[in-house]
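Below you'll find the structure I mean.
First chain written, first letter: the chains are A, B, C and D, and each begins at residue 1.
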Amino acid sequence: MIVIMKPNATAAEIGAVIRRAESLGVTTHPIYGDNRTVVALVGDLTRVSRESFNAMDGVNTTVRIQEPYKLASRTTRPENSVIDVGGAVRIGGPEVVVMAGPCSIESWEQLDATARHVIGAGASILRGGAFKPRSSPFSFQGMGFEGAALLRQAGQALKAPVVSEVTDSHFVERMAQEVDILQIGARNMQNYTLLRAVGETNKPCLLKRGLAATVTEWLQAADYVLAAGTAQVILCERGIRSFEDSTRFTLDISAVPVIKRQSHLPVIVDPSHAAGHYALVPGLARAAIAAGADGLLIEVHPDPANALSDGLQSLTFSDFARLMVECRQIAEAIGRTL
Amino acid sequence: MIVIMKPNATAAEIGAVIRRAESLGVTTHPIYGDNRTVVALVGDLTRVSRESFNAMDGVNTTVRIQEPYKLASRTTRPENSVIDVGGAVRIGGPEVVVMAGPCSIESWEQLDATARHVIGAGASILRGGAFKPRSSPFSFQGMGFEGAALLRQAGQALKAPVVSEVTDSHFVERMAQEVDILQIGARNMQNYTLLRAVGETNKPCLLKRGLAATVTEWLQAADYVLAAGTAQVILCERGIRSFEDSTRFTLDISAVPVIKRQSHLPVIVDPSHAAGHYALVPGLARAAIAAGADGLLIEVHPDPANALSDGLQSLTFSDFARLMVECRQIAEAIGRTL
Amino acid sequence: MIVIMKPNATAAEIGAVIRRAESLGVTTHPIYGDNRTVVALVGDLTRVSRESFNAMDGVNTTVRIQEPYKLASRTTRPENSVIDVGGAVRIGGPEVVVMAGPCSIESWEQLDATARHVIGAGASILRGGAFKPRSSPFSFQGMGFEGAALLRQAGQALKAPVVSEVTDSHFVERMAQEVDILQIGARNMQNYTLLRAVGETNKPCLLKRGLAATVTEWLQAADYVLAAGTAQVILCERGIRSFEDSTRFTLDISAVPVIKRQSHLPVIVDPSHAAGHYALVPGLARAAIAAGADGLLIEVHPDPANALSDGLQSLTFSDFARLMVECRQIAEAIGRTL
Amino acid sequence: MIVIMKPNATAAEIGAVIRRAESLGVTTHPIYGDNRTVVALVGDLTRVSRESFNAMDGVNTTVRIQEPYKLASRTTRPENSVIDVGGAVRIGGPEVVVMAGPCSIESWEQLDATARHVIGAGASILRGGAFKPRSSPFSFQGMGFEGAALLRQAGQALKAPVVSEVTDSHFVERMAQEVDILQIGARNMQNYTLLRAVGETNKPCLLKRGLAATVTEWLQAADYVLAAGTAQVILCERGIRSFEDSTRFTLDISAVPVIKRQSHLPVIVDPSHAAGHYALVPGLARAAIAAGADGLLIEVHPDPANALSDGLQSLTFSDFARLMVECRQIAEAIGRTL
């Protein structure tokens, strides 16, 4: 960490910074410039709070030199993490993994038909929402555990792992019995009680990026899950908030190569929520794979116009089959499989 | 709701829209223009999903005419709601209410000294963080229920109501015994399990705006709390995410008059988190009152350079005393008291 | 256009809206709902200002039904525009077109070496900055017309068309003699005097998206160029402003499929400015082609560490050669050539 | 500047950084930590480009210690600048200055009536748009120099200075004969040819913030004007782009105290463009003064529903008179006059 003093900082103020740093067991290197002094702090900074130095008299600002996340950092683990899902699918390896299914589980018929289609077309993992966080309390909120049980049944019938969102720490234990991957949604990326609870299970965690979270904050959230014990976190970019209104969110495609540089964790992309419109999904899905994403999360519905949620962004069966062909071609063009 | 068809929509597609709307008990008014057709839907639209119309063949888009929140809307309740806090303080009336105290409760000594000072200087409500949601799992996480108990004790000693954040639905019942106002933090604005749990208590709820939430989504979140039973929600603007990096967040001062037009709920402002720097807090606090806010939430610490969290944005005791004088002058200039 | 009245609008206010609309030669369709009235306006709305209806008594808001751009709209011209550059290159057809070269033209040696390399590796068009808009007046501002003359010379030697930015309406005539494509930079996307001046030449225009411009505003800016007479506009997505700070800008990859739906104009992507870092450029370039972009704009420098501007985002010669191989594979995977 | 090396940077890479810095006449202070090395550069860094160090092998990133603007910085000039407008009005002193008038000059009758009213109600400076940059080429573009001449005439009749926007460098000389303050609009904040041209006149410049410009970039733009010779720049905050859509732009009220800390230049606020709706203007105007702004820029129209531009955000005469009373009370509450 570098502490940058104000131009008119006094010797006493500089001395106070040095003494505090040394009292924390850190070595200091003051550098006296023509206009101002900076103090470099070297050593184990785990317990050193930038905020408290920022608030000292004579300090202009502080600059962090090391990234503020640890367990998720590629510095901590240089090689890629590959997440094994139920012995059946590996995420983060050479294969691009597609997770697909309906936004909301609505009935056995709807789920079963969709599951057969998406797994038949080449998806590896079945997705389906049981607990739906909705902006309005007057919207459909999902089938809850009943839906999760249907999902497990549909997955078992097809020998496909399943993924579903868990929205409260007290649902985690029971959901962990129903699904192979516990999803934490964008709205809950900083629900730390939930992050810890998911990290304490032995299930892989699919951690969606918060819609106003920086990549740094997202990796700090991954640190919460990892610190709770698990080593199995999959990151999922799903669009961030910006001023642009021609799409539902702004897919931050750059996050894919950024994550690959900064972290050892696999990263997948959800083009459905980002786009908000089915016609834009194929282009974004292809772009995600071309950018280096390890997988996709795609919403599919047998009859989008009658979906109970997110119909506009759901693909039909035939759209999805065509998407899989296109994505496979992109994956092969960059030397991966799908 | 208005359904706008594509320019080349067929008569069959227009007919399908009309039939679906009428099957939902809604009256339709098709308007046939030179280039395209629009269909206006009139009646009780509570159960009509825009999404499902958007996904129909031939539909270009739909336009909502009524706001998507109900209980929080001024249309539902034209007169201002005034929230009574423990019979001692009324929020939303002519008096501007200041809530102040430390970001984190660190010890009895720190809390007690701060409480005496802020209440002595004119604050009506004591704030203090017991459960601290922090970006990194390696940062100080708060004293938990032990801190909440200290807060209750400090408030009782000074006959001042207290407010503190609750971060998980399963802490709500116990926290409701310790505090007079249950705060829902920005990161949890769309943690719907938590919103419902707080709404089911008989305590007022201080609902902070999510850092990427529109005013509309914020009022929808208020609808979750209100729908759970309580009528006591206080909104708190605390800055949103933007590209500007000279402040911690961008205080959306316009949200104050917007909320006053759209909703009957009181709205207060937290200039401390928005600014992220103590030197900017007074200007923003004065601006908030001038814009029409019903109160302020201010962080104060006896020794900011040694605070365990958010020291840089905390005011010293003397800063806070001066702030109260300035704010009182602004309040009086617009015909309110403080 | 739909005029949505307030719930309590009076019959007189509704009547005034209808009379104003009809005085403008527009047919009106009032729809009287339970809670409020809406008035649909049908006919030629070119001269009807939404703003003036918005400001009328009793009006809540108005909703536009047709997009606010015309010449750039796919409604105006359903088939794709293909821009012919000097009879040598066609942009918007089946071929993906790469424009490459240094950010700034620094010397004949630097430009010539770069030009030979990028054209040799498969780029079709040579880029180079002569007039550099820089955030600080104390930074290098480019070689001006001297640089533009070098660019023309380098292009002619290799029989490659050249593109360079023009920053002021009064430079347009002279720049049009030096270059094959006139580039309008992001900072000038709404410099309407410049847009018109470029549109009055017979040269193709490369119109970069403003860093806070919506896709709609970008297409309106294209309308300025098109309205001045030319039919040759190429759009270029180069990243927008968001809160994310791990990249220089946030590449809005979704803009590519959105533009393809809304407009007939070709769209290319500049991954160099968006990323701000050479290591991220290849992933974004591949993603752009996979998403459907008609081309790329790439910065290349013989010695990035000694570049006078934007060295960090410039590719070396060997990086660029590798990028071309990767991009060609993606282009072929989607049935295009490069 | 601090150069932060990568954890695995070699001694040769560190040596190259040191040699380059010393070749630029800068003193270096390498600090060798456990994990990585940082090199502090001390001395005159005016000609040192961060970018070129960023692009060197082994460098992770660089950190700026001094702000990148100079002439606008409070470090350069600690005392406030007060701008004298035509010997009649002083901006940046104890008086809060209100500039008011129509968005567009539409006719002598409209301008004259508005001018009489706003000056009569206490505004010091008359505003009026002659050249209107509009998003669509099909919208009203202003009366041009004819409008500017009317503005001069209206100002002279009331002995009030006038301000109007200039949109192209080649209009500057002629506009400088018509107006007392040359306004540079948000869309042109980085039109550097225009900035220089305005800075070369002897007229004060009102520099609006670009809608995606950081405060730092805004002060760099001020540096362009100041570097051209003038010492008379007035900054104007008018709202930035964010995701929030209940207002036209997001007024960044924090920019007022931030500018006051970072710069010696006066700063005013335009609540009309930020809000986009007349009903929100008074709250934002009061907030601006309470936050410490040196003035306001307000749109007023005799008949907003018939305005040729921006009618919705224009105040009527009676609204404006009431606003002046409210603003005067706020100004007095903080010890200023209006």
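The rule is simple: a contact is a pair of C-beta atoms (placed from the backbone, for glycine too) under 8 Å apart; a residue touches a chain by one contact, two chains touch by 3 or more.
Note that this is a predicted model, so its numbers are computed, not measured.
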How short can a path of touching chains from subunit B to subunit D be, counted in steps?
1
Report back the single chain whose CA centre is most distant from the CA centre of subunit B.
C
At what distance in angstrom does the C-alpha mean of subunit B lie from that of subunit A?
26
Which integer distance in Å separates the CA centroid of subunit A from that of subunit D?
38
Separation of mean Cα positions, subunit C and subunit A [Å, integer]:
31
Residues of subunit A that touch at least two other chains are 212, 240-243, 245
Which stretch or stretches of subunit B touch subunit A in the complex?
46, 49, 51-52, 54-57, 68-70, 133-139, 167-170, 187-188, 190-193, 210-212, 217, 220-221, 223-224, 227, 240-241, 278, 304-312, 314
Which residues of subunit B touch subunit D once you look at their complex with the stated criterion?
212, 214-216, 240-247, 250-258, 260-262, 274-275, 279-280, 282-284, 286-292, 326, 329-330, 332-334
Could you list, by residue number, the parts of subunit C that touch subunit B in their complex?
2, 4, 7, 29, 31, 33-36, 38, 40, 42-43, 63, 65-66, 75, 241-243, 245
